[in-house]
Each structure stands twice: as structure tokens, then as C-alpha cells.
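Here the chain labels run A, B, C and D in written order, and each chain numbers its own residues starting at 1.
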Amino acid sequence: MAIEEILFWFFAVAAVAGGLGVVLHPNPIKSALFLVMTFFALAGEYILLMGHFVAIVHIAVYAGAIMVLFLFVIMLLNVPEETRQGGVWGAMRYVALGLFVFLSFQLSYFGFQDFFGDKQQLVKETEIGTVESIGMSLFSEYVLPFEIASILLITAMVGAIYLSKSKLIIEESKKKKAVEKEDH
Amino acid sequence: MGTLSIPLHYFLILAAVLFGLGVIGVITRRNAIVIFMSIELMLNAVNLTFVAFSNYLNNVEGHIFVFMVMVVAAAEVAVGLAIIVAIFRLRETVHVDDIRLLKW
Amino acid sequence: MHDFIWIIPLMPLLGAIINGLFGHILKGKAGFIASVAVLISFLYTVRAFFIVMDGTIIHNELFTWIQAGDFTAGAAVLVDQLSIVMMLVVTGVGFLIHVYSNGYMHGDRTVGKFFSYLNLFLFSMLMLVMGDNLLLLYLGWEGVGVCSYLLIGYFYEKESASKAGLKAFLANRVGDFGFAIGIFIIFSTIGTITYAGIEGQVDKLMAAGVVTSAALLLFMGACGKSAQFPLYIWLPDAMEGPTPVSALIHAATMVTAGVYMVARLSFLFVRSDVAMMVIVIIGTFTALFAATMALVNNDIKRVLAYSTISQLGYMFIGVGVGAFAAGVFHLMTHAFFKALLFLGAGAVMHSLADETDIRKMGNLYGKIKITALTFIMAWLAISGIPPFSGFFSKDEILAHAFLYSPLVWVFGAIGAFLTAFYMSRLVFLTFFGESRVEPEVEKHIHENPPVMTIPLMVLAVLSVVGGLIGIPAGLAYLWGGENHFANFLSPVFANAASYSEPHHISHALEYGLMAASILIALGGIYLAYLMYIKKAMDPDAIANRFSGAYKVLSNKYYVDEGVEAGILNPIVRFSQWLWHFVDTRVIDGFVNSAGKIVWLLSLIARRVQTGYVQHYASVMVVGVILILAYYIFR
Amino acid sequence: MEMSSLLNWVTFLPALGALVLLAIPRTETQLVKSWGLLVSLITFLASIPLFIMFDGNSAAMQFTTQMDWIPAIGASYHVGIDGLSILLYVLTTFIMPLAIFASWNSITERVKEYMIAMLILESAMLGVFISLDLILFYLFWEAMLIPMYLLIGVWGGKRRIYAALKFVVYTMVGSVLMLVAIVFLYILNNTYTGAYSFDLMAIMNLKISFSAQIWLFLAFALAFAIKVPMFPFHTWLPDAHVEAPTAGSVILAGVLLKMGTYGLLRFNLTLFPQAWEYFTPLFLWLGVIGILYGAWVAMVQTDIKKLVAYSSVSHLGFIILGMFAMTVTSMQGGILQMVNHGVSSGALFLAVGMIYERRHTREISEFGGVTRVMPVFSAFFLIICLSSLGLPGTNGFVGEFLILVGSYGNYPVFTIVATVGIIFAAAYLLWMFRRVMFGPLTEKNKSLTDLDGREIAIMIPVILMIFWIGVYPSTFTAKTEKTVEALIEKANKAKAEMVIEGRKPILSDFLGE
């Protein structure tokens, strides 16, 4: 068992455990942290696949920015633990389980079917994952998508700001609060 | 340049399993934010497949695409959470069962 | 040539239009205009009469009315001996009645409308008798039907009058149904509907074997119009209309249209013995049937109405046995004395403040002498007392009937006896015996104005003299004369006569029959005299003894109620069922249920939209799985 | 002005008038109404030379224009007039001014949209009668629905939405099948002649197999049977009539119902003669049932407009009998009866509208003794009722008699049963007339005012028309003579070729193929 294989299995188990943690743990904060663990595991996987640039960017963007945002919002909204066990949780668990089994089996089947047996492919050590090759292609062939990506981000930010600042929602919530005061 | 002894399909199966987990998360969890996380999980599963294939095809586009996916994921989380915050202001809850405007 | 002939029908039409449009302005003068219009057409009819007297038949086509495919009907006029006789009766009696109406309808609010309808009626009647094809006959037929509907329902504010009008029109319409089918049969077999055309190809009809069915169907139309047995129910109710209307339409002219039709198509009817037999049977039965009802009726106009139905029965017997000339002759004399009777009754009602119940009359002879005298002359005429006209015409029919079959003569004689009896009863109760008039009404009984009495007198003269022109051959043989009337009409019935073997009555038999009928008439009068004047036999006692029969008779054999319950109500109930059940529930049911099914399906479809985001997500995932499965197992 | 361009002008004049109406401000109701009336009057006057110049003794299409409309699919703007459509064309232009003039006071809100809908409706109706291209016909056929739907739906009575919706859905169901048939014909034409065209003339001389004819005939017949309306498909008519405003009813009864019978002649008879022969007994049965059913149900109606609606079912049953009896006389009677029914029923609705404007109710029991207070109206109403029940001397009689006399030759039993219909026609009309106009004057009707100048001006042309057709019908029958003869002769020729193995085909034949 080569060192890479051990690493792969280590990262794989971590990723799956994290995934399970995200999905099953009632407390959202705990599931957020489990997600961070999955991200790190995946970064490891990328490195195994020679995707160094992607791994680093992955950790920076996901673990760094997005999860922080998540945790911030969870804290902001003081989201309670999920207590409701009955209702949709009960019925949907079996449906979800069924779907999970089916879906993952199908997807992995593809994986098996093409690369198993004699056609087995091993991971090649390539140079393409490095910052240099990505940078070269990013700013030559894919410069337009790159710019569009920036526009996308700008619009997302504007949208987010507008949403949180929109007068309509503020008045609405004030009105709701006023109504509640009268009720008590 | 040699080859690592890890067969490619391991990665694909791993991605499949992660993607399945994401789906479970989206469907079963009652909390909007956790659903968001599950979606992120699914996106990452896809990223993994991209990187795996870019390695197999020895083509850089997989990585570029992963890069783009991240951009989109970021944008999506920003706007999504803004929406969740707005809903929270209105309905005082992020519990998905209560947000049922689409009910006929 | 003879284009003047068109003036005869068009004058009344012109009068009708003038009165119709400007009636409310003309007010009083409307009657005058109407009468003048009829007078002009009467004078032209006399002129035409002299032309026809010397043998020329006037045929004049104005324009082709309808032409489609091989069906053509021209707006053409044929005036031969038969139509000139009818035209004389229609315009002559019509004119007298118009004059009479001036007095009778004096002070009526919408007198313009009345005279417009009366003139329109005369136009239709003239078109009926002058037309040269079946379609114009049909036009006149329905035209007089509408006018009688309008005139019966003239006092439209009276519920009973408007009901009677509708009843009359529908009964006529039922008859017209048969008439129309008769026309269709004739047209589809020989392709033409003009009288000349039919006469020419009557053998083709015989060959096609449709003569009997065509004749019977046409006779059905005649029954509707001339109130014969099945379709007579409307005539008694038609008395709701003003009396001059009853006199003109329901005595003299319209009701005789049926007899005219049979006479006009004599060559067709003669060729089917079955049809002739049916006509005789229905004629006899109606004559007796109506006479029995007249015995017990107490309304002066209804008695006359039943007597009209009965006399029409006699006319049909006449034409039924093949003596067309006799039938038409009785038609003419009947027009005179029946019109007189009705106008007399109108005069009586007029002076008794519209009282029609003869039990509340009596001893009027002294007070309204002219009306009484003219009424008595008409009574003697209708009862068949020589030398009055009724005797000659009825006797000739009975003579021919005897030759046809003695049984018919016996029934005819019974009918004559009943006629004599109920007419005498009417006269005795109205003019003689003690006065049962209410005191305050009796105070101002007054003789009617000359404008009413002069027509009465003219008609009285006609009913007396009218009989002389048609004295039966046997009697005329005594002093070398012959039956002018029959000879005058003979060319029209030549075809019919040639077909059926001629009847020859031995003079002895004829005298015998005449004597018998005189005796019967006198018997009838004497019996009535005993019951109502000398009170030897108390009519009420007889009524109680035969109370069952009396009740049936007085209720007109319950025919009206029978028709109401047997035919009208079931149709109305069936239509109600059709509408409520078939239309709304069944057909609309299907239509609306189509809508409902779509609604139900959407109820099921609605369940899918639960509102939970997860449900939608899971459905999407199922979709993905299916697609992948497809790729795997492809 | 060349005749064929005049035909186009007259057809599209109302539509142009509607466009001009857009410019007139909504508040000027008086100007809007007078403009609408002016346009429809001009259209009528312009259509008179068309009627006069129409050459009676030629069966060919006259005043035709043929232009490419959508060359891609071969749809051409091909219009023309022959004996079948000239009378109905002029009837439409005759009735429209009356309808517009009749709705002078009764329509108060949204007058501008009302007038636009009316004028567009007129153009659509005129288009239907002259179009000789299947797609053009279908376009006008559908275009006609929208304004009619608005007329009933917006300005109607209480249950107008239900009635309008039922009317549109009913007609749509039928016409959609017709569209399928049109497309089938289009393809059939292409397979035979290679050319892509919807032109009726081209499709007319196609050799369509008997089994295809059966289905095509049924598709077209269903669309027209609903429109006629024939017996089982008639339930939309009473609802549509009761809820429609006066002018809507007049046009609905006056012209729209004739589309069905006209369509049957123009398409079913010319394109599928064999199938026509095959289905004749069925349609005769439906027609005769329609006559009796319509008459009986009309007799017991409590609402005058429903009564007249059911009477239309009965009258059109006669027209169906006339058409399917396949003799020149009965066919001509049928076409003339279409015009008569348009005039008589249109007039009946005008009259009912006039009472409705005064008493705002149509229940017969509400009326009584109206003649006392409205003598002039009573005279007009009487003449119209008599013309509707077919009194000789009026228009109804000529049409009805020709139908019956013509059809007795071929189908005596059907004709006898149909003739029973004329008894009930008199029954329900005069019974209604007695209950409304005669009898004692009830308290509620004391205050009714008689007809004013406007209403008399509406009634006079109708009465003139009734007596003109009644007394001198040959002005009209001469126009249709040759076309009908050509039609029947062509159908009989086709019938001759139809005999399969020496016997008439039965249902199994066409199932077998």
C-alpha cells in the first residue's frame, strides 16, 4: 500500500465523515465545522491529484470565506438546534436514504464501468495542476470567462447589499413588530 | 513522471458518495442554512470529479472550471444568505417548514 | 284582357292599408272608407258576373309569384262560374255586413283597426276564391285564418276572447297541415298545382294511386276551415268576436271555404269513392252532432254557431254525394239567411245591452218589430219552409242524398227536424212568450238605427228570393223552367259529372221527398210551439227526466275538456319534461360535466404543489436518477 | 370601381371604421355611436351594387381576387362570391346598421369598445362568406368569435360569463377539429398535385377516397353542426341569447347561425359529395328532431328570448331538411329560409329588446295587455311573429313552403313530420304573443311608452323586407338558381360513382381500409 494510497483513504474517510457530520448533526454550528473538515480533506485529495493551485484556492475560498460567512450568519440569526423530529424529518429520512443509495450507486457505477479492470487508470503526475499552467491558460484562453466571473461577483455583492438594506423588508418587519406589541 | 498507485475511479466513487450525502442534506434538513451547506458539499463533490478528470485527460480546463465553480459558489452563498437574513427578519424563522409561500 | 278583375281583391286590400295606417286619425270615417272599398269591388264583381254569364272565363296572370327549380306558382286569377258565385256572395254579403258594422261598432275605441282587419279578411277571401292554383288557395286559406284570429280576439282585453282567437288559429293550422301535405302529394306526382293542370293530369294521379290520400288530406284542410267534426271545436268559441265578424266570417264566407275547395277540385274528389264516402259520413255526423248540441244551448250566438256547423254538414253531404251544384247552392242561401240570423241576433243583443242569454229575453216582437220580422223570415228559411230559400237548397241536397243512400237521407231528415226545432225554440224564447228581461234593461229597449236595419231587410229579401233561382228541376218542370243555378254551374262540374254516372231522380220520388221534408219541418216547429208557447210539455221536466243526456249535451259532449286533457296537456307536460330533463339535465349535463371532469383532474394534480422546497428537490433528484438509469440500461 | 375591389372594400370597410374609432375619444359617446352607424350604413349602401351587379345566371365565382398571402405555406387571399354567399353577404350588411341603431340607448358603458367590437365582427362575418381559401376562411371564422365573446361577456346579462365561455368553448371544440381536417386536406392536396395550397378551388377537384371523406366530412360537419345549431349541440344558443345584449342577439341569430348551414353547403357538399350522400339520413333525422324538439321546448319557455332562441333551432331544422333533401326547389328554399330567418329572428330580437329596454325583464308572466299602451309596437310585433311562423304573403312562408314541397319528392316521411312543425311554430309564437300582448292590462305595464322615432325607423326596413320577400321572392331566388343547380348536378354525378360492388357502402367499408 503506497503512501499515496494511505493518504487517499485517510482523506476519503475524513471527507465522508465530515459529510455525514454536516448532514446528520442537529446543531448547525457543529455541521458547519464538519463542513470545514470536509473541505480540508478535499484539499488533500486535490493535492494527490496534482491540483495544487486548486487545493490552495479551495481552502482560501471555501474554508476561509464561505464558511466564515456561514458561521457569521448562524451566529447572527442565533439559529436553534433542529428539534423537530417528526413530520417531514421522519418520512423524508427513508426517502433520502433510498435516493442516496440509488444516486451514489449510479454515479459510482459510471466510475467503475469506465475505469475498472484492465482499463484501470492510475493517477498521473502531471504539471498541469501548478499555478503556472493555470495562470497561463486563465489569462490567455479563458480571459473572457475570468472577467465575466468578476462581473458576477460584483452583481452578487450588489444584490446582497440591496437585499439586506431594502426599505420594503425593513418597514415590513417594523410593522410586524408593531403588531406584536399590540397583541401582548 | 510516474503514476501514483491510486486508481482514478476511487476519486470518482468518493465524489459520488459526497454528492449523495449533499443530496440527503438538502432533502432532510429543516434548516435553510444547513441546506446551503449541503449544496456546497455537492458542489465540492463535482469539483473533485473535475479535477480527477482533468488529471486523467491531462487538460487544464478542469481546473479552470473548478475555479469558475468556486466563483459561482461564492456569489450564490452571498446572495442566498442575504435572502435568508431577509426572510428571517420577516418570518423570524429559518425553519424551512414555515416558509411555504408556494403552497397552492 | 279583363285586367279590371284585379281591382276586386285589391280594393279591400287598399282599404285595409288605409284604415290600418290612418285608422286612429279617421276614427268615424274608417267604416265609410271600408264600406266604399267593398262596394267598388262588389260592383266590379257584378260586371265580371255579366262577362262570365255569356260563357267567357276570365284568366289573368299578374306576375310569377314563386319560381324555384321545377316548382312555379303564378299570382294569377281564374274567374269562372263557381268563383263568380262565391265572389258575389262574399262581396255582396260582405258589403251589407260592413254597412251594418258602421252602426254596430259605433263608438268603439279602435274602430279603424276593426275595419282594417275586416277589409283584410275580404281581400284574403277573394284571393282564396279567385286564385287559379292551390298555392293561392293556401294563401287565402291562411290569410282568412289570421284575420279570423285577429277579429275573434278583437276585444283582446277579455281573456276568453284572446284565448278563443288562438284556439281558432291553431285548429285551422291543424287543418292547414293536412292541406299542405295534400299539395305536396299533388305537386310531387304531377309537378303542377294549377287547377287546369291538375284537371288535365288527374288520370296520372289516379295511376299513381295517390288520389284518395290527396283528396282525404285536402278534405282534412276543409274540415279545419269549415269546422267539420274533428276540428269544429273553435267555431262555438269564435262567438267571442263582435257579431258582424261572426256573421261575415263564421257564417257566410270563411267557413264555406272548405265546401268551395271540394267543389273547385270536384274532378279530383269524384275520382276517389272512398274520399266521397268519408265526406258524406263526416258531413252527416257533424250535421246531427251539432244539431243535438244546439238543442240545449242558451246563448243566442252559440246556438247559431252550432246551426252553422250543422248546415255546413249538409253542404258537405251535398258535395259528398256528387251534387256539387246543390252543395254550392245551399252554401249561397245559407250565407244569406245565416248572416241575417247573426245580424238579427246582434241587433237583439245591441238593444238588450249585449245580453246573449235567451232565458233572459222574451216578448221582444212588439218592441223591435223590423229585427223580429227579418229574424222570423230567416227562421222560416233555415227551417226549410217553402217558398223560402232554405227549403229548395236543403231539399235538393236531401234528394241527391236519398239517391246516394236512403240511410243518409234519414239522418238528414232527422237533422232537418232538429234544425227546425231548435231554431223555433230560439225564436219563440226570444221574441214571443212572457218577457223575462230585467226591468231596467227593458225600459230602454229601442229599435236599431236604419244603418243596421236596412241590411237586415235586404238580407231578408235575399233569403226569400234567393231560393227561386235554384228551384230543383223536378219542381221547375211543372211550369217548364229548369234549375238555372245548376245549369249555370254545370260547365265547372262537367269533368266530375262525366266521370260519375249521372243521377236521375224520378219526379214522383222528388215530390214525395219534398212533401216529407215539409212535414218534418212543420213537425219540428209545432213541437217547439207546444213546449215553449203553449207550455203543453214543460221543457224543464223533460230535461230532468233525461238529466244524464241533458247534462252531456249542455256540456258539448265534454269535447273541449277532452281535447284539453287528451291532447294539449300531454303535449305541454311532455315539452316541460323535454326542457327540464332532456335539455337542462341531459345535454347541458354532458356539457357542464366536461367542465367538471377537468376541474376534478386538477384537484388531483394540485396535491403535487405541497409548498415544501424539499419535495420539489426530491422530485428533481428522482428525475436525475431516471435519466441516469436510462443511460445505464440503454 | 371594379367589382372585385368593391367586394374587398365593402368587406374591410367596417374594420377600417373600427380603426378610425380608435382616434375618437372615449367620452364622445354620441360621436362614437353615430360614426359606427355611419360606417355600417355606408357598408350596406356599398353592398347594394354588389347585389345588383351579381349575374344571376352564372354559377361561377364572381368578383374574385386572388393574391399571395403567406406564400411559404401556399395560403392565398382568394375571395369571391357566388349564389350561396351573395344573399347572406347582403343580409349581414343589412342587419348590422339595424343592430347598431337598436343599441343606441341600451349600451351606456364602454361604448367605444362596443362599437369597435361590432365593426370588427361585421368585417369578420363578411370575410367568412367570401373567403375561398381554407386558411383564410378559418381565420375569419375564429376572428368572428372574439368580438362575439366580448359582446356577450362584457355587455351581457347576469350569467354572461358562463354563457360567453360556453359559447366560445363550444364553437372552439368544433372548429379545432375543422382545422385538423383542413391540414389533412392540405397534405392530401400536396401528395396529389405537389403544389402546396389551401385554395378551395384546387381542393375541390381532388379525388378523395371514400373513407377519408367520411372522417373529413364529420370533422367539418361537427364544427358547422355546433354553429347551426343542430339538435344535440344547441344548448349554448339559449344561454348565449338570453345573456347577450339586444344587438348581440340580433347578430347572433341573424348571421352567425347561418355560418353553419352556409359552411355545410360550401365545404361539406362540394368537397365530400359521397360522404354527404352517406350521412344524409342521419342529418335528416337530426334536422327533423331539431324542428319538433325546438318547437316543443320553445312552447313552454317562460323567457321570451329563450323562446325565440329555441324557435331558431326549429327554423334551422327546416333549413337542414331543405339542404339534405337535395332537390333544386328545396335547396333554394333552404337558402332563402336562411335569409328569412335572419330577417324574422333578427326582428323578433329587436322587438324583445325594445320591451326589455322599457321593463328590464323578459319573463312572459310579467307582461299582459301591452297592446293597450303600445299599439304601434303591437302591430309591428304581430307582423314579425306572423312572418316567423310562415304566414303566406310573408317571407317565412316562401322559404318554408319551398323546402317542404321540394323535399316531399325525395323524403315524404321526413317532410310530413317536419310539416307538423308548422303547427307548433304557430302554437308557441302566438301563445307567447297572446300572453304578452293580449289579455287584461296588468298594473306594472301601465306606464309603458310606445315606440319612438328611432325604434320605428329600425322596424320599417325589416317589415318592408318581410313583405318584399313574401310577395316577390324571385328577386332573390333568381340569384341563387344557377349555383344551386350546378351544386346538385355535381353532387349527383359524384353520387353515381359511389356505388361499390353494386351496393351503397356501409360503415364496415370504411373501417376495413
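Details
In this section, a contact is a pair of C-beta atoms (placed from the backbone, for glycine too) under 8 Å apart; a residue touches a chain by one contact, two chains touch by 3 or more.
Being a predicted model, the structure only gives us computed values, none of them experimental.
If each chain is reduced to the average of its C-alpha atoms, the one that sits nearest the average of all protein C-alpha atoms is D. With centres defined as mean CA coordinates, chain D is found 38 Å away from chain C. Inter-chain centre distance (chain A to chain B, centres taken as mean C-alpha positions): 4 Å. Centroids built from CA atoms put chain D at 67 Å from chain B.
Chain geometry summary: the mean Cα position of chain B and that of chain C are 100 Å apart. Multi-chain contact residues of chain B (touching two or more other chains) are listed as 23, 27-28, 97.
For chain A, residues that reach two or more other chains under the stated contact definition are 88, 92, 95-96, 99, 103, 106-107, 110. In chain D, there is no position where the chain touches two or more neighbouring chains simultaneously. Looking at which chains touch one another, you get A-B, A-C, B-C, C-D.
For chain A in complex with chain C, the touching residues are 88, 92, 95-96, 99, 102-103, 106-107, 109-110. Here chain B touches chain C in the complex through residues 23, 26-28, 35, 96-97, 99-104, going by the rule given at the top. Residues 166, 170, 232, 234-236, 293, 296-297, 299-301, 327-333, 336, 369, 371-372, 375, 379, 386, 391-393, 397-398, 401-402, 404-406, 408-409, 412, 415-416, 419-420, 422-423, 426-427, 430-431, 434, 437-441, 471-474, 477, 481, 484-485 of chain D are the ones touching chain C in the complex. Against chain D, the residues of chain C that register as touching in their complex are 20, 24, 63-71, 110, 113, 135, 138-139, 141-143, 146, 149, 153, 156-157, 159, 161-163, 165-166, 169-170, 173-174, 176-177, 180-181, 183-185, 187-188, 571-572, 574-576, 578-579, 582-583, 587-588, 591.
Those residues of chain B lying in contact with chain A across their complex are 1-25, 27-31, 33-34, 36-38, 40-41, 44, 47-48, 51-52, 54-56, 58-61, 63-64, 66-68, 70-79, 81-86, 88-90, 94-95, 97.
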